[in-house]
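Next, two complexes with chain A in common: one pairs it with chain B, the other with chain C.
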Partner chain A sequence: MSRRDDIAAHLREILQPYLPPDRVIEPDTRLVDDVGLSSMQIMEVMMELEDALDASIPQNILPEVETFEQLVAAIDARI
Partner chain B sequence: MTQTPTQHRLPLRYADFVTLAEALDYAAGGETGFNFYDGRGGLKTSLPYAELCERSVATARRFQAMGLEPGARVALVADTVAGFAECFFACQYAGLVPVPLPVTVGLGSRDAYVAQLRGLLDSCRASIALAPEEFMPFLMQAADQMSLAYIGAFETLDQLPKADALERRDGADVTAYLQYTSGSTKFPRGVVISQRQVMQNLSSIVTRGVQIRSDDRLASWLPLYHDMGLVGCMLAALTSQRSVDYLATRHFAMRPRLWLGLISRNRATISFSPSFGYELCARRIRHNATDFDLSCWRIAGAGAETIRPASLQRFAETLAPAKFDDSAFLACYGMAECSLAISFAPVGEGLSVDTVDAETVANDHRAVPVTGHDANRTTEFVDCGDVLPEYEFEIRDDSGSPLGDREIGHIFVRGPSVMSGYFNDPDASKASLSSDNWLDTGDLGYRIGRRVVITGRAKDLIIVNGRNIWPQDLEWLAESQDELRPGDALAFAAPSMTGRDAAVLVIQCRLRETGARNELTRRLEGLVRREYGIECLVEAVAPHTLPRTSSGKLSRSGARRDYVARLQRQARARSDSEEAETLAASNARSQYAG
Partner chain C sequence: MTLFDKFDKITEKRRDLEAAGVDPLGVPMERILSATEAIIGGRRTILAGSNNYLGLTFDPACVHAAAMATRFEGTGTTGSRMANGSYSAHLQIEAELADFYGMAKGMVFSTGYQANLGTLSGLCTGGDVLMLDADCHASIFDGAKLSGADVVCFRHNDASDLDKRLRRLGDRVARTLVVVEGIYSMLGDQAPLTDIVSVARKHGAYILVDEAHSLGIAGVTGCGVAESQGVQHQVDFIVGTFSKSLGATGGFCVSPHEELDYLRYTSRPYIFTASPPPAIIASVRAALADVRSRPDRRDALWQSAERLHAALTSQGFKLGAPPGPVVAAMFADQKRALACWQALLDNGVYVNLMLPPATPGGHTLIRISLSAAHTRAQINHIIAVFSQLQDDFAQAS
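Our next item is the complex of A and B:
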């Protein structure tokens, strides 16, 4: 499994509890508009992701990111 | 690297300086200073005041080499880094006016953030704009096509040429800084504060508010573009020569334990937070509270938003195993328009809650104390303590007449630390500040002697998670949708049944088809979430049903009252204790009063 797949797998698992009942994660799922993450929930997700990957994720990547796939790619590029 | 010490030999001076630059000159004679910690709690930069002084003077000479007029604005993206402090104090030496700008790291927030920065750069007519390297792309885009004398990163300032010597331009009447009271994109308001005003307030904060001691050490995650973070922590610590341990706000939001860890490890004695910070800790710290020893924490300040006693109580219970003492809670009240502080509760006594009859509050605008325990009939307000002695203050009714003890009205203050006005905005200044210098705080409350109790906001500011959201911005967002027109939206804060304020946006909408209406409300909820990072309940009502004032203006308070009444009717109809948030959410989606 590539590192990118690894990041995606962790993120998918971490996002599960936040998903609305009728929603599954697709690459182009928008994290704010579709999943409905609030700014505080995003912080919780990032913390869990840092812990899972044992890496620190620069937070200035976030403003550029909208979808699941973009977040995975941005993290992969910066850690 | 080690952090700066808590104690040193320099005799403590209680912010009795004419200017902030003078205060730094004095602090530079000691060993204390600022310490910046990273997202894992490691010490990243230690900046003793001696070094801050030296670096600020050097930067001041670089600014002066640019040949700017005295009083020119220097916009600074106020991330919690040493570079911000250096530039802020460089302005103090050079007679330039620093303007702290917000830091945003919300998901997908780039466009909204750039627009916000652009609005602020434009509003303050910045000559210089600076940011940490990692925020430069946003700043560059925001300043596109603007004619600035200089734009660059904190990290590369030392490459610029210096003026031969520093021409000091500090003085009591010089503007100390411009503080934007909100991140409002469309309607920014910059509070102008002079050296005299801020020094007056700082001396009250350190002598009366926290009664600073030579063994005090501060810890803070508050943003430096916020008055409580900038004035209450950074400037109060520096002007009383105390060390501060800083955590960036976003690192706190991600890992609240880091805040408590810093306090515990470095034996910090003073740290402030809005209620939501205590709430976040209580929610996220589910185990291992005994990792911390918080017995050193003598002032756990609470302010900046409505203080929720239950949140603080829960924090105290969660952290009791860490020896947190709830008598450390200290309520305070203030606003950027007053430099910062207006009142402080007494040190070491914990929260004082005034339990009053809810009916009399609602119908008679009086706060009558009751001793009963019937929670349905009582309301709790936090006593924010004595108004500082330099202020005159009055509670006034709608017609402007002063009210007596325990009568609820508009809070007005007058005193030496009240702002000179809003920058370049005479209309807004006139609306808040009378010709004889009484400031309309925009808050509602009552007095008990010289003590002040806040009951709500008359101004329509929405505060969610410690963030100020201006209703105009939410309304503008709604009205820019194709389906809506100007005057079709009203935004306000309404208490949800959890006791917390939630943002509500009511739109009057001509769409007859349910599906299309739902699509619009959902779209708006998404837009608000993305641009402001908060949950907002969007409710569609029939055309021409938004309430108006007697003078025909749309009334936010009327819309709020209608909304609360609708909620209560629904709650009664359902009678059973359905989860409050679910109710509010479904209500917002389905109700259509047409």
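Our next item is the complex of A and C:
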């Protein structure tokens, strides 16, 4: 499994409890508009992801991120 | 897509509030009567949501100092200190704040928001790390964003979580600033500063404590939570505001580091803002002198806090923190919270309504901020109205 796949797998698992019923995560799933994450929930997701990867991920990457795939790529580029 | 489409969600939320018959986000106060009373909707109303912790807004010495400063120095400074000069009172209040905290340097900002914005963005830059408690105030997050530093969050009030995240930074910890608050504004909970400062020190990170809601309230001399927990002199920066206990507007940063002075050249929110007007500085100096000489006000505030906290707990409200100047009742049911807030106002008690997502845990909060100037009768009235609300709710359900 590549590092990017590893990040995607962890992120998919962390996002699961936040998903609305009948929605699955796709690469182009939008974190705010589709999953419905609030700013506080995004912060929580990031902290959980840091723990899962045992890495430090700055929140600065978030303004450029809209979708699941973009977040995975942004994290991969920073750790 | 237009410029205004982004406001659709706000429109929707406002419509929900209007449908519920409440307007908590901008209650008009027709006349202010005292530090603890105003006329709202034609009714005499107790102010229990104004953060006027020591009740100094109508203190005769503060009002007199402000009036005299206006008379003799004018209504405003009409410019920034960098471009238009510092008044002697600006320098005096900075020296007095540094002396109060036993620090080498002090620096004044035009608002409390700008104190965080200006301190963080002046201190930190790209390549540095800001390690923020996840429940920090928006001014801290905004300052962090303006700085360009990497922003990493740790779980609220969790020193072991901070420890873990500082460890992950490796060598970068030497250019990391940990930022926490003494008392958190929403729930009124205190930071475990002894543990947090110990962890930051162990890793070699710097630490900043925002005492906005604890200045004048906690500590033997009223410096705040860092003082009350015995770690004030291990802290690198303390930020505070003039707009709560000190009854005016403005903010400050004090530090044992002489380098704080360099922020005057790097902090855009300091450089490009008009400096605080004479009246503000004069009333704040009088208020600070009051904090230093009147510990009885703190005692009065804490007595009211203990009494209100005990009463609301016995009435069955779930409160956000142990007794303190902020008492927040947490509601899982937003409709009930809205009704409760409106009923309090209808019964002459103004408090704050805090809505998710800006609240910890996604709760809707009825937030009370107490004042040393609240009388026993006023606290009794607040307790009685809450009690009636619980009775009404029990009957309805």
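As a working rule, the second predicted complex is superposed on the first by the 79 of 79 C-alpha atoms of A that agree within 3 Å, B and C clash if a C-alpha of one lies under 4 Å from a C-alpha of the other, contacts with A are read in each partner's own complex, and residues count from 1 in each chain.
Definition applied: a residue touches a chain if its C-beta (ideal position, glycine included) is under 8 Å from a C-beta of that chain, and two chains touch if they have at least 3 such contacts.
Bear in mind the structure is a predicted one, so any value in this text is a computation, not a measurement.
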Chain C versus chain B on the shared chain A, clash or fit after superposition: clash
Which superposed partner A:43 touches (first chain B, second chain C, both, neither): both
Which superposed partner A:31 touches (first chain B, second chain C, both, neither): first
Touched partner set for A:58, first chain B, second chain C, both or neither: both
Partner chain(s) touched by A:73 [first = chain B, second = chain C, both, neither]: neither
Partner, of chain C and chain B, that touches more residues belonging to chain A: B
Touched partner set for A:14, first chain B, second chain C, both or neither: neither
Contact residues common to both interfaces of chain A (with chain B and with chain C): 38-40, 43-44, 46-47, 50, 56, 58-60
Residue ranges of chain C touching chain A (in the complex, touch as defined): 129, 134, 145, 150-155, 164-165, 168-169, 356-358, 360, 362
Contact set on chain A toward chain B in their complex: 30-33, 36-40, 42-44, 46-47, 50, 56, 58-60, 62-66, 71
Contact footprint of chain C on chain A as seen in their complex: 38-41, 43-44, 46-47, 50-51, 54-60
Complex interface listing, chain B residues touching chain A: 39-40, 104-110, 113, 134-135, 138, 250, 253-255, 280, 284, 465, 526, 529-530, 533-535
